[in-house]
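Dropping the structures in below, format is structure tokens.
Here come two complexes built around subunit A, the first alongside subunit B, the second alongside subunit C.
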Partner chain A sequence: MYSPAVERLITELAKLPGIGPRTAQRLTFHMLKLRPDEILPLAAAITEVKEKIGFCSRCFNLAEGELCTVCADMRRDPRLLCVVEQPFDIVTIERTREFRGLYHVLGGALSPLDGVEPDDLHIAELLSRVDGDVEEVILATNPTMTGEATAMYVADMLPRRVRVTRLASGLPVGGDLEYADELTLGRALVGRRSLRRGEE
Partner chain B sequence: MRSEKARAIVLNSRPLGEADRILRLFTRELGRVDAVVKGVRKTTSRWGGRLEPYNVCDLVLYQGRTLYTVTQAHLVDVFLRLRDDREALTAAAVVCEAVAGLTPEHEPEERVFALLRNTLRELDTGLNGPALEAPLVLGALLKLLFEAGYMPVLDHCTACGGGERALGFSAARGGLVCEKCLEDAVPITPAAIEALREALGRPLAELRAAAPTAAVAEALRDVHDLYSYHTGSQLRAVRFARAAG
Partner chain C sequence: MFVSSLRLVNFRSYCDATVSFGAGLNVVVGQNATGKTNLLEGAWFALRGSSPRTRREEKLITWGERFTRVELVLGGPAAGPQAVEVAYAPGQGKRARWNGVEVTSQDELRERTQVFIFVPESLLLVKGSPARRRAHLDAFAGALDARYAAAARELQTALRQRNAQLLAVRSGASPGTLDPWDVQFARAAVALGQRRRDLVAELSGRFAAAAAGLAPGVSTFVLRLNSQLAGVGYEEAALLEELRLRRPGETARGLSLFGPHRDDLRFLEVDAGEDAPGFAADEATDAGSPAFAAAALAGPACGPVDLPHGGRDLRLFGSQGEQRAAVLALLLAEQQLATARTGEQGTLFLDDVMSELDHARRRLLVRQLRCAGQAIITTTDLHYFVEEELDQATVIELPLAGSLRLGGASPSAYAAGPAPPREDAL
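Here is the complex of A and B:
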């Protein structure tokens, strides 16, 4: 129906997550309407990102060179290591400005149901990183069944001398107790903390 | 297009688009169905942890053209301790995957629903050993195969019908075989035969309390072969358990 070039663009766009054939068609026609100086930077940006961006050889975050910006930053605390599932989780944690340690990206979560096994993730690399300097490993995998399974597995594998912690589960700030689900509320109760200083 | 109420066990879930998930559900009223749940991956989602795998929920499902959509969810059973026990989680994955593999879509199986729920309840009390050596897992799989009509023959030779001592297990022929009928069968020890019989005959609560053994692991390998023979696929959770063990 369309010329081969248009057809090809629609097909390629439709391969992207969340974009179906109709959206791909709409985006293609939108691009055709734009002036070259409005749309060609997009093509250049895609080419550039694929040419320049790879994975950090140490933590598997996205990196423009051998190391990512976090691993290359000498001001970061090497005694703290935060383990996440995906590179975008690093951005989320960085936005809090509460964490000044280093990261390790596993590349996913263990899933018995989907057949994602330890060898499919960067767990061996994590274990080899946890040497002299690291004092605490914070397991920041998602609070889902697969994330919990991954955290438990990694915690079992880490050496006993390292402190292993997990992100707390609880109620979202600004929410009403009335709307909390039983699982989250149950965890919030189990993980409750004292308001008096010096008490655990 | 209409809404249905169903009590469901979440067998599995996978991400869909930006923040949604597709749930594989085993429901008491509708059998195995897939349902979309919108926005569940957002931290502000009203669903919270209600629709996590292995939870039992009362759902209102809106029937679309190809999939159901979850419009309401009320948590009935949540197995909190299960989530903190790696072996129990793996065992739950094995049993849930087997349920998904052995049950056709849209065919209610009330006995399978009860069996799965009871198995998860028992697993929630913890496993005292590896998942693939647990009598509870062996028992749950055998009882599921029984419900699906694939019960292995355990009291005589499945090939000749003789009552001689069984020396092998044949998935293709559906059970134990004697010395004369070995052919494609894998060797089986008397302890594994005993484990199979015990697992089938004893209630889940007793199996949960029983000690894990190498004989159970051997019997579970044979039962897994039987499952693979009938469904044409292996349980990924079993492969996972072997790799992670």
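Here is the complex of A and C:
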């Protein structure tokens, strides 16, 4: 229907997450309308990011160079390791300013339906990182079924001597109970904690 | 809440027809092929967004038309009148609106009303596959309780993931990769299994009472959940142990063979006095399946195989009349339970249930229906009702103006029907 070049752009755009064939078509026609100096910076930005940005050789976070900014920061606490599914999760956790340890990105979660097996994740690399220094591993995979299964699998693989923790799940801070959905509220009830000191 | 009016546009045999209902008993009377079943199906389509009779929704559209639309108004003392509208056109999909606001999922529609339907296809609840009975139970309970619906969805996800991992292990992945999926599956299985067990326990007493008035003969009907989970006491730890024992077999098959996805609801008939109705839920393990019986003897985690004591399974041995009575009793039980839980009485749609009942049982059914909120019941013959019942009922005679008889319609009669507005139709 279209010339091969147009067809190719539509196909490439449609491969991106959240973009279907119709949106890909719209974006393509929008780009065709733009002057070269309006659209070529996009192409250059894509090229640049792919040339300069790779994965941190230690934690698989995004990195400009050998190590990512977190791993390169000598002030971070190497005794704490936070395991996440995607590099984007690091940004979210960093925003809390609560965590001063290091990260490890698995690159996804176990999902047999999608063919994601333990070997497809950076689990072996995690195990080799958990050496003398690391005292606690925080499993911060998503609270979904795949995330839970991944956390469980990793927890079983980790040596007994390190402390293994999981992020708590419960109510959002600053929210009203009446707006909480039943599932979140149910989990918050199960995971309730004593207000008295010294009790778990 | 009750259905106060229904408009069917291009729905089955209806070109454009509107009908009003009363809050109590409604009797829709008409000869064969006047659209009695279609009327109930249309109301169900508006309240559930699907047909109880067919999955091929293009069949719902009047022959030769391009879309169908059903509008329904609910009246009731609590909230003001509620208007719901469902439209469907092949290629454009389905659209549902509640008071003008778009409803995005059928689950959302389901949670808003309690409705129960008996159409000829409903007999498949007894005669058909266990999957159909599980789906029916889950849809009923899911509409009552969002946590039940979530548990049912979780189980499906966990089951599919675990089956995929079983296949992966069969083709060479390390057996240890199954561990996390065993845990996820066990958690989901127990969460759903316990809810289902409690649901059937709550239904079974009501079922037996409703069936007592409908069942032919002197026998008693019993509703029973057969679940493999009973063998592990509905406990996560015991189920995990069972899964561990079964792992070689399940890996060889690449399938999860133990869990609530193999539950079945049994409709049993016992001789009066043999089994007191009401405590019937889940005391038997899945003795019907020889594979399970063998496994149960082999595996210590399972209790002894409990053969159903003298119960006749209506699925295999019930007459047409008995099967019909069992389905009706289940619907009545569900309606009562929904009323107890929500305070809303809901609506029963019953298609031609009178013809196979004798005089005494018809009276008993009508009496049950009178305490049950709104009921819309179709019949070919008003003589199935006594004078006094009809005095208190709303009688609707078919054919309605605007209904169009399939087959018998001449082209001129077809053209003369009121033309539906085309532009704003969907």
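Keep this in mind: the second predicted complex is superposed on the first by the 181 of 200 C-alpha atoms of A that agree within 3 Å, B and C clash if a C-alpha of one lies under 4 Å from a C-alpha of the other, contacts with A are read in each partner's own complex, and residues count from 1 in each chain.
Rule of thumb we're sticking to: a residue touches a chain if its C-beta (ideal position, glycine included) is under 8 Å from a C-beta of that chain, and two chains touch if they have at least 3 such contacts.
No experiment lies behind these values; they were computed from the predicted model shown.
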State whether A:117 touches subunit B only (first), subunit C only (second), both chains, or neither. both
Let me test your reading of the model: by the given contact rule, A:182 touches which partner, first (subunit B), second (subunit C), both or neither? both
Of subunit B and subunit C, the chain that contacts the larger number of subunit A residues: B
A:86 in the overlay: touching subunit B, subunit C, both, or neither? Say first, second, both or neither. neither
Based on the superposed arrangement, let me know which partner A:145 touches: subunit B (first), subunit C (second), both, or neither? both
First (subunit B), second (subunit C), both or neither touched by A:23: neither
Both subunit B and subunit C contact which residues of subunit A? 110-113, 115, 117-118, 145, 148-149, 152-153, 156, 181-183, 186
Subunit A to subunit C touching residues, read off their complex: 110-113, 115, 117-118, 145-146, 148-150, 152-153, 156, 181-183, 186
Subunit A partner, complex, touching residues on subunit C are 146-147, 150, 154, 157-158, 160-165, 167-168, 173-174, 176-177, 179-181, 183-184, 188
Contacting residues of subunit A [partner subunit B, same complex]: 17-18, 110-119, 143-145, 148-149, 152-153, 156, 172, 175, 179-184, 186
In the complex of these two chains, what residues of subunit B are touching subunit A? 11-12, 14, 17-18, 43-44, 46-50, 52-55, 75, 78, 80, 83-84, 86, 89-90, 93-94, 96-97, 236-237, 239-241, 243-244
